[in-house]
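I am attaching a structure below and will ask some questions about it afterwards.
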Amino acid sequence: MTVARRLLFAAALPVVLFVGWWVLSADSESFYSPPLSEILTAFGNTWTLAAIKAEVVPSLLRLFAGYLLASIAGVGLGLAIGLNRRLRATLEPVLEFFRAIPPPVLVPVIMLFAGIGDGMKVIVIVFGCVWPILLNTVEGVRAVDSVVLETARSYRVTGTARLTKVILPSAGPQIVTGLRQALSIAIILMVISEMFAASNGLGFTIVQFQRSFAIPEMWSGIILLGLLGFALSLLFRLAEKRVLRWYEGLREAQRRAG
Amino acid sequence: MTSVRRGNPAWLGHPAFLGSAGLAGLLLLIELLPRLGVVDEQYLPPTSAILAALADEAGTGQFWISLKDTLVAWGWGLFIAVAAGVLAGILIGSVPVLRELTASTIEFLRPIPSVALIPLAVLLFGTEIGSTLLLVCYAAFWQVLVQVLYGVADVDPVAYETARSYRFSGWARIRYVLWPTALPYVFTGVRLAASVALILAITAELVIGSPGLGKDIAIAQASQAVPTMYALIVVTGVLGVLINLLARTGERRLLAWHQSVRGEVAV
Amino acid sequence: MLEVKGLKKVYRSGSREVEALRDLTFTVDNGDLVCLVGPSGCGKTTLLRCISGLLEPTSGDVKVNGKAVAGPPPGMAVVFQEYGRSLFPWMSVRDNVELPLKQKKVSKPRRAELVEEALDAVGLTGTETAYPWQLSGGMQQRVAIARAVAYEPETLLMDEPFAAVDAQTRADLEDLVRKLWQRLKVTVLFVTHDIDEAVYLGRRVVMLSSSPTVVQDELVIDLPAERDQLHTRADPRFIELRTRVYEQIQLAKKAAAK
Amino acid sequence: GTSSDSDSAGGDSGTGGVDKVKVGVIPIIDVAPIYLGQKQGFFSKRNIELTMEAGQGGAAIVPGVVSGQFQFGFSNFTSLMIAQTKSVPIKAVAAGVASTGVQGKDFGAVVVKGDSPIKTAAELAGKKISVNTLKNIGDTVTRESVRKAGGDPSKIEFVEMPFPNMPAALDGGQVDAAWVVEPQLTAIKAAGGREIASTFVDAAPNLTVAAYFASTELIAKDADLVTRFTEAINESLTYADANPDAVRAILADYTKIDEKGRAAVVLPKWPVEINKASVETLAKLGEQDGIFSGTPDLAKLLP
Amino acid sequence: MLEVKGLKKVYRSGSREVEALRDLTFTVDNGDLVCLVGPSGCGKTTLLRCISGLLEPTSGDVKVNGKAVAGPPPGMAVVFQEYGRSLFPWMSVRDNVELPLKQKKVSKPRRAELVEEALDAVGLTGTETAYPWQLSGGMQQRVAIARAVAYEPETLLMDEPFAAVDAQTRADLEDLVRKLWQRLKVTVLFVTHDIDEAVYLGRRVVMLSSSPTVVQDELVIDLPAERDQLHTRADPRFIELRTRVYEQIQLAKKAAAK
């Protein structure tokens, strides 16, 4: 019963919105907001398996490459900066500055150096989504409980064990927060990088549809993008639940204690 | 990096000094790279050329109008997003049924990249400031909403029961317990939203061509005016730093009682 | 007068059921100071939450001065076990103490008077503008007590209020509670699991059994009204009484184990 | 001011008063006449108060015109024909810009690096060429140049890249050739680049590249305004064509091209007449290359 | 043998200076159980952190078996006051106990043995795979003790380990500590501010004065080695001893007030 109830609650609003859109747009004459039925037809026709292989897969590959690189760079650099007060003080203003530059602005600049290939797109993604990871890692490392650190020290837990068994897990929840923020930014940048200079990809395809006035197809692309973002964030949630099982439990226990 | 040993004067280790040293190092690097021929001056002009271009820009009226346009779009977008996000967050967060009903929809709408809405914004508002506003609001709204939801969920049951046991009215419970608990989260949300809003404002201007700094950057680029382009990029960066600084200061003022701020002061 | 009759509380969460209180009956006369002891987890907090109207009992009655309790009754103040979390960290000490009075629509000058008196009574004059977290643990606990005192309750419920305070501060606070009770003539129900504390403080001690909880025994404490930490605790009669309570509780535990 | 838009779109609101008109333009050399005309008062004397709204390419401008955000827009003919085949309700109202028609001295061309082995347009087959927008006028005309020179146009690999990035891409060897327009064309030539084909000239004699257009709704509702706008534009075009120095001067107002660049760029032609034959050729070429989904109906598109 | 000689510690933060310890000298013989009492804030934690090498003293010496302490000395285990923060919430109970042994490069089978023994000694068999936050407070505290026990230290430092535990659990843990000490023959230095606890537990009690802190007095506890909660605490000699300690501390406070 409870499962059914939860399903009902989860599905209710989306269904209402969907039906609402369908009804409101049913006899839409406007060139730019075609009926939902038309969009769905276009969706079926446009996003065939072949199209997904040709357009979506390259986008996803670039996304994953960029995201992975950003994660490694962000966590690595974040650990170093978080653990070294002086390094932090020196780099903080510079990092703040670079973080504040909107990544799309840098697309042309990065193109100057990295050309127009996949490398450029990956660099754009890395540059944009490394910041939340980096900053959250730094904060997480700084916030490691002093008692935890002293315990580790008094039992002579040092070197790699200190890093992997104490500091990384302790900063874990915050690092994951950064990774989650970075994921949505990475998707945005995937699209933006493909809007500037590309010959395939989801962002490119949407722009092509828009330029060639294939409006239902363009809408179908936007919907696909939404579904993709949703699926990725779902995947992320699953992974997070596994990795941070201890943290969720801890929070739960703390809340129950009240 | 050379390590500063104990014997050296204290100011060598001061954060402000180290920070300035870091910035100065960056400026020097950008000056030297093109001068030494490591990169072509056409792609990356030296610091001096960028600064000169910046000075030129600052002398034109257009620059200030664009700056104003960007800030207006950013400010309004942020304001609308924060107001809507806070209201919706408190409403949804404090009514369990609403929270359950909306959870899946929020999960679906939130990750939709705001840039996917660029075509939509263009259709609705053309290249007017409205397009920028739409994108800015959309992107910033989720940041605030999600944080407020976290905040409302974080209300300490003991504090809440204390309020009940002293017979606080419903409004008083929101005003004196719920809101102060959620406030730090609201601030985090606003801070995140402020930077996202700036990014989106400039992206929209750049991609759509609505008025503002982003459009100027596009024009500078199209005109092959590389130092000017860099100068404008620097302006956006500085703008971002200032906005972040402002948000942090406000946060520190208003949340002096909160753990995170206390912690920062102690360090 | 406070009457508890046949009180039963079963917690239901999902399919799990916990019978916290089985059948509780006892009364507290107006102006009395009753200590409630019982092993950890026997349902003392549950009982207090039922009495204060924060929790609905599964069956049975709670009456305050002849009126059944439904929702927090007027004229009652509760000091929670977790004082640190029951004070509002975003308000100064004064605002914390004053806010319930505002809610009670006490006039402004009277409020100022009450707050000053209460803080004075607990020895906190001069800390009005400090935030709770700027005070030591014992001081925080005294703020929570001051808040209850300023409220001018007829009935004062205190839930293990000193559990987290160091022994020294605890002794001071115990003396404070007795002094306030003697002066203000309120009805006090004091929950603790420290047997010595119960015997030292109370005029009567009600002992609860282990879960499922019933009233195990009652004891009138015939120590002189003037008590002090050093001599009362060394008094042979004191030791006799505490030994009796201790034995009762051990008995209850053994009964539960069977 | 959305309300003022709908007023002016509604037409006769300005009873003898001034019509507020917004024009969506791409801030490049091509639209110099309209800025010049505004400065010269060609519009205000016809009771038109002009505001220029910059858009990044036709794709951003066409929706604005259709939805009534702008009353007029500027776009190249290929984009307009694409929209037309998708039944977007628009129609050209005046000529925009035209090729000079002179081999080697046009405002758009395919260029290569100075030391490139490519010498003729035929050799472009099988090479990587950058264009600003795929499936648009750039690749159509480049294909035509190759075809005319005897190469196989189907073998060209086009990549999309903004014009400003092309000099660097060419220099860095990321592309073999670039289809560029001014001011990048002059910049590349100054850096030693060689022109391989004057694509607009190859495509058709005196090709009309772009036009000003309006929505059919506005044309039906406020014919008077459209007529006045067309007259003003035509006067501006004529004036610009006759006064190249004024054109170079006005570039300083709405672009950031530096003084040297302004003096050096090759200016296009601004004839008043739309060269129908050239547009038809362009349509045929586009159809041949599969850019349109149907046959553009030029009768509906051209004024 | 543990020797503390002329220990002085001044905290400097900014322009503010706090003299936590002024001049402390005492020794603990190998195999002894010494309790350290003193008023809140007198510097007990500071002293322990100096002894365990986590904090550098301003002047004076700490020697363990004749060797000066610089950094955590081998063979020493510390049980921190805040057990909740000193256990790693991201590790199971077993991993928490095992990690220091890994760092000590104890072989795998021996580790398993030690962990099992230690958990058994504190009565926690069967909770190996649980996370710390899934346990009650008293159980968590016992995990921290098990960790220290499994480490097979020669010296065991415990900093107010029961301050946050309820009275019942506390009594059980006190008995546990005495049992372990008798069985394993380790040197124990036990910090508390509960006078009764110190007298009940210790073979010797060292009393610290209020800040600026010196050793106020020392007392040998001549109670029988076999002690139990009920009878020992009711023993007239016990009451005599606790009264003496109490008076000393009151004296110290008065001296400080002057």
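Lettered A, B, C, D and E in written order, each chain numbered from 1.
By our rule, contacts are C-beta pairs under 8 Å (C-beta built on N, C-alpha and C of every residue); 3 or more make two chains touch, one makes a residue touch a chain.
All figures in this text were calculated on a predicted structure; none of them were measured in a lab.
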Set of chains whose contacts include both chain D and chain A: B
Comparison of B-C and B-D by number of C-beta pairs in contact, larger one: B-D
Between chain B and chain C, centroid-to-centroid distance (C-alpha), Å: 48
Centre distance in Å when chain B and chain D are each reduced to the mean of their C-alpha atoms: 37
Rounded Å distance, chain C centre to chain D centre (Cα mean): 84
Touching two or more other chains - residue numbers and ranges from chain D: 63, 67, 162, 164, 168
For chain B, residues that touch 2 or more chains besides their own: 43, 122-123, 156, 158, 207, 221
Footprint of chain D on chain B - complex, ascending: 40, 42-43, 122-128, 130, 207-209, 211, 215, 218-225, 228
Touching residues on chain D, where the partner in the complex is chain A: 57-59, 62-63, 66-67, 79, 82-83, 86-89, 130, 133-136, 158-162, 164-165, 168-169, 172, 174, 293
Of chain C, residues touching chain B in the complex: 49, 52-54, 72, 74, 76-78, 80, 82, 85-86, 88-91, 99-100, 103-104, 131, 133, 151
In the complex, chain B residues that touch chain C: 156, 158-159, 161-162, 164-169, 172, 176-177, 180, 183, 256-258, 262
Touch list for chain A against partner chain B, complex: 6, 9-14, 17, 32-33, 86-87, 89-94, 96-106, 108-109, 112-113, 142-143, 181, 183-184, 187-188, 191-192, 195, 203, 206-207, 210, 218, 221-222, 225-226, 229-230, 232-234, 255, 258
